[in-house]
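In the two assemblies presented below, subunit A is common to both, partnered first by subunit B and then by subunit C.
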Partner chain A sequence: MNAMIDPADVRSASVLEVSGLETRFGAVRAVDGVSFAVARGETLCIVGESGSGKSATALSVMGLIPSGSGRVAAGSIRLAGHGELRGLSDAAMAEIRGRAIGMVFQEPMTSLNPVFRVGTQIAEVMRRHEDISRSAARDRAVDLLRMVGIPSPESRAQDYPHQLSGGMRQRVMIAMAIACDPMLILADEPTTALDVTIQAQILALIDALKHRLGSGIVFITHDLRVVAQIAQQVCVMYAGVVVERAPVRALLRDPLHPYTVGLMASVPGTAPRSGLRRLPAIPGTVPNLAALPKGCRFRNRCPRAFALCAEAEPPLAVPANGDPEREVRCWLYVEGAAA
Partner chain B sequence: MTGFIIFLLATRRYMAIVGLGVLAVFFAAALAAPLIYSWSAATLVNLSQALAPPSLTLPLGADEMGRDMIARLVWGARVSLIVAGTSVSVALVAGLLIGGLCGYYDNRITFVTMRAMDAVISFPRILVAIMLITILGPGMASLTLAIAISSVPVFARLFRGPVLSLKTRDFVLASRSLGAGDMRLLFRHVMPNISALIIVQGSISLAEAVLIASGLSFLGLGPQPPVPEWGAMIAQSRSHLMSSPHVVLVPGIALFLLVLALNLVGDGLRDFTDPKAGRAIARPA
Partner chain C sequence: MGTARYITRRLIFAVCLIWGVSVILFAMINAIGNPIEILLAERPGITDEIIESVTKYYGLDGSVTDRYFTWLWAIVRLDFGTSIIYNLPVSEMLVIYGMETLKIQIPGIVIALFVSVMISVLAATRQYSKVDFGVIAGAMVGHSLPGFLLGIILILIFSYWLGILPSYGAYSTRNPVMGSEVIDGLWHMVLPVSMLVFFNTATLTLLLRSSLVDVLRQDFITAARASGLPERRVVFGHALRNAFIPVLTYLGILFGLMLGTAPVTETVFTWPGLGALYIMAIQQLDYPLIMGATMIITVMLVTATLLTDIAYVVIDPRIRLG
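Presenting the complex of A and B:
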């Protein structure tokens, strides 16, 4: 199939390498220079609040930014075995979508076509990408339903989406995303619409599939507890940029960026605490992405901001005297910058 | 079909069942016309029995040219159903293409196309059809084409709306993320979602098409004599209304029954496909 494999792709273990990605919706810089890489069998979590550019990043990788309203303005998106994705024709991207990259969306309730049986919808993906007979595709759809943990898959395949619960539908969406053994799975808040027990099951399923298929996973979420369960690498995004990148353990044990610190403080604990305590929240909101202030994007909400923060935007760099595997975008960790 | 009949029985929509029955009789008559009555029985003049009243040998009597009314009636059903069926099918396909594409793509071309459709809708349909027949010349083919063309804008506008809203639904983006291209999305993922609308509108449009076809034939713009078209039959015999009313009543009542039956079935189909009509089974939200 992939006779023309770029030797650079073989050397690096990365499935996906995004660098300097910029996506704009008019004047709004939804994604403003984002870089990350995902290795085979690795889960990268992109964390951030609403409007931080997480979903826009995923849609940019898929080439699904609606052409009427936005565009990928700069950067490079390299997929192993396929090279640069930016600039590919829509037809070429359609070949990659669903075959090399599978995507799972946030809303399982509405992401399935209401008028077709779920087995048919899964089979449709295979018939789109592979030369496979109708009956063989149907058999494999049943196998996939079994693989994603749906009981009595033969009869469930005959169900319409409205006959399934939200968790079941998300399993079906996952089955569709992995139908062609993609090397990369993009999951855009796949558990946000589900209740917590189902969420845990879906996370376990995604993790099991990663081991089974060896795919790289980009998992987008705003929930740090999900990050703790599933990630190996974490990118924290704020206002269109990556503010911190670290292996999951290091990040959770010792968050560096004040935004990450705030995010972690605002996770409600389950243990009963002494007396009533207000859940800490990060004051303020994400700045207007169409008219970004000078300096650090987070400074108006940052408890530790100082003079330099208003003057220049900090670089994403290895923290001074810190773990070389980490990067943080904050003047506090730049040698000689902190006051 | 069986599901539809069971639904009608279960929800006591007996009028729709009557409509279905009447429709079945007309369809059977139209299909069997060449077997029971030869074309010549319906067209050859036999003045010896002109205006004969209904009798045992001529159950519905004969018209002013002495032609068996029942033969003309069944052949007329054939003409009406062929004209209406063909014109609605052609208009549905064209309307789906235009409405679907104009709903899916939002650009200058589709904008101009839809405004052109609106312009045509602003004229009464029968006027549009008369204008087209004036250009094409009267006859069965041009009658069919005229009715089809005059209904395309209605269909296009009707189908554009749901496509416009369906294309923003999550499942469309999800299908796109799984490799579906524009045409596959529009015709295999979006269009099936409006199949109920297509069926219901199709059945109601059939009634309209039958009526317009007869109206135009009454004006002499349809198939030319001796082809037995109901509207034309009424027009040719109307001077004998007082002396021999059966020559006008027979095609008139047939027309009335066919249009009524199509409307009743259309109403039944609308209720059948409408999730809010109180069906027992759950439907997608």
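Presenting the complex of A and C:
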């Protein structure tokens, strides 16, 4: 790419562009060269199992990697209208957090402060970022609660978190995240801790809000059924790297990377029914990030690994003779590499 | 509505508790025997007739229940009788000596509270740093040091070697410091208050720091940061209020036991407070004074506990439904 061209001009629709992001905790590279972009009104799902680096990616974008234990070591995080976020002071990042980027967390039961009324907590975010009176902020908090589907929002705003159910609390978290009309919403497994029926409601709510606000959404999950419901673009992460990136339909129809194939097979209902069959599991566990094996990170668990996989790490590249909108990190799809 | 009922319930409980203490106290004092006999026996010229008539004069010849209810009715009217040794109304003495105790104990707690909040924030936001370890070590040492030792060290340094601060008493007998009685009083408070601040800070810091470390790890703190709140607001507004919940109990005990723990400080600095008075009353078997002081200490402790319970309701909304 020509260095003179601003990346923001190349893909002007992008709200967030992350490239070559590397986040280290001591010697461990929890995020190791991750790149992705999200467009306005688009949902990007980052999929992976625990320890794949998906939450660390979200916290890196927010500038919330705890300074005592980790740091963003390399790469660039560009937010439309704000430019490069990496290297901004904490005070400057605090201006962006909650205003330009809203975040929803995994645990609605513990993500709200137990000693403040929920209406007050929403109003506080608005008063932090906008010049708005206390009473106006309070009125808008009630409007937001109504918008996220909380019944009788006037009285609910007066409630403390412990008086609300998990699903209601997650709606409150979403109301807080969208309080200042952010251009980007980061949702870190927002439905994982919820019942399946509530999960579906929250997913529908996030999708509806995306259309209404036009924000870009980065949705982190380990659940491919959630991906199928909400995503346009998908990044599959494994051991700190993106192993596959594709539009959602293509990925679900035809997963390329052996890890993605394994993930799909281990979801009930995605494979052909064969009565009471045992779900296949991917053998082994995620490698220790402090002592990664040479070559491909997945090869120890990969049913299709061959000699080259142990020697060199495959690049994330467009598959040979494949869809140019997709990328996969696997030697099987590199021309001339497979034996 | 729940809050009012909660407080009413606690209030009734508090009154019952004080009444219970009064019964036990009276029973214990009664078990010692007739005070007139103990005080007057074996003195020259004291005959059984004199003891009998004095016993009658003080109304000590009635039945235990009669005497208990007479006493109870008197203390309800805040009449604690007359001190045998000092020949002064006990209620008056309790107020005068009590004020002297509060004069050093209240600043000792309030200042310690501010200092421990600052130190705890400093340490907890830098967990496992040198600052943090230094704070933990200092607080542990301070917490385990015998109370009188620090007092003596302070006297040694500031009174004996440097000669800048008075080592005993609440006032100068003559020539007040800088010619002002107010400054003189404050000047005398410096050492005893410093000692109290030191000990209270050590214990409060141990509790508050670990509580704060725990709270700062909670999801809602990350969420508060993610909504762009400045770090100062996150720590002092969101974290501290939660971190205080477990510390509140100790703070309540501290206020309640103010008079109970006063003897050590007041003995070291010869402070004319309730603690010193209490010890003296026990040593000299001044019954009305012992009973009055015990009841006052009980009321203080129960009141502090009650206020702690109410403070919990204010600070932690999760209790309000209970």
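The rule we apply is simple: the second predicted complex is superposed on the first by the 321 of 339 C-alpha atoms of A that agree within 3 Å, B and C clash if a C-alpha of one lies under 4 Å from a C-alpha of the other, contacts with A are read in each partner's own complex, and residues count from 1 in each chain.
Criterion: a residue touches a chain if its C-beta (ideal position, glycine included) is under 8 Å from a C-beta of that chain, and two chains touch if they have at least 3 such contacts.
Note that this is a predicted model, so its numbers are computed, not measured.
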After aligning the two structures on subunit A, examine subunit B and subunit C and state clash or fit. clash
If you stack the two complexes on chain A, which partner ends up touching A:291: first (subunit B), second (subunit C), both, or neither? neither
Please indicate which partner A:125 is in contact with in the superposed arrangement: first for subunit B, second for subunit C, both, or neither. both
Where does A:281 make contact in the superposed view: on subunit B (first), on subunit C (second), on both, or on neither? neither
Once the structures are superposed on A, label A:111 by its partner contacts, choosing first (subunit B), second (subunit C), both or neither. both
Could you look at A:196 and tell me whether it touches subunit B, subunit C, both or neither (first, second, both, neither)? neither
The clashing stretch of subunit B against subunit C, among 9-17, 27-35 or 45-53, is 9-17
Interface residues of subunit A shared by subunit B and subunit C, listed 62, 64, 68, 90-91, 94-99, 102-103, 105, 107, 110-116, 124-125, 128-129, 160, 162-163, 173, 176-177, 179
For the subunit A and subunit B complex, residues of the former touching the latter: 62, 64, 68, 90-91, 94-99, 102-103, 105, 107, 109-116, 124-125, 128-129, 160-163, 173, 176-177, 179
Can you tell me which positions in subunit A touch subunit C when the two form their complex? 62, 64, 68, 90-91, 94-99, 102-103, 105, 107, 110-117, 124-125, 128-129, 160, 162-163, 173, 176-177, 179
In their complex, what parts of subunit C are in touch with subunit A? 126-129, 218-220, 222-231, 233, 238, 241-242, 315-318, 321
Given the complex with subunit A, which residues does subunit B contribute to the contact? 106, 169-171, 173-181, 184, 188-189, 192-193, 195, 282-285
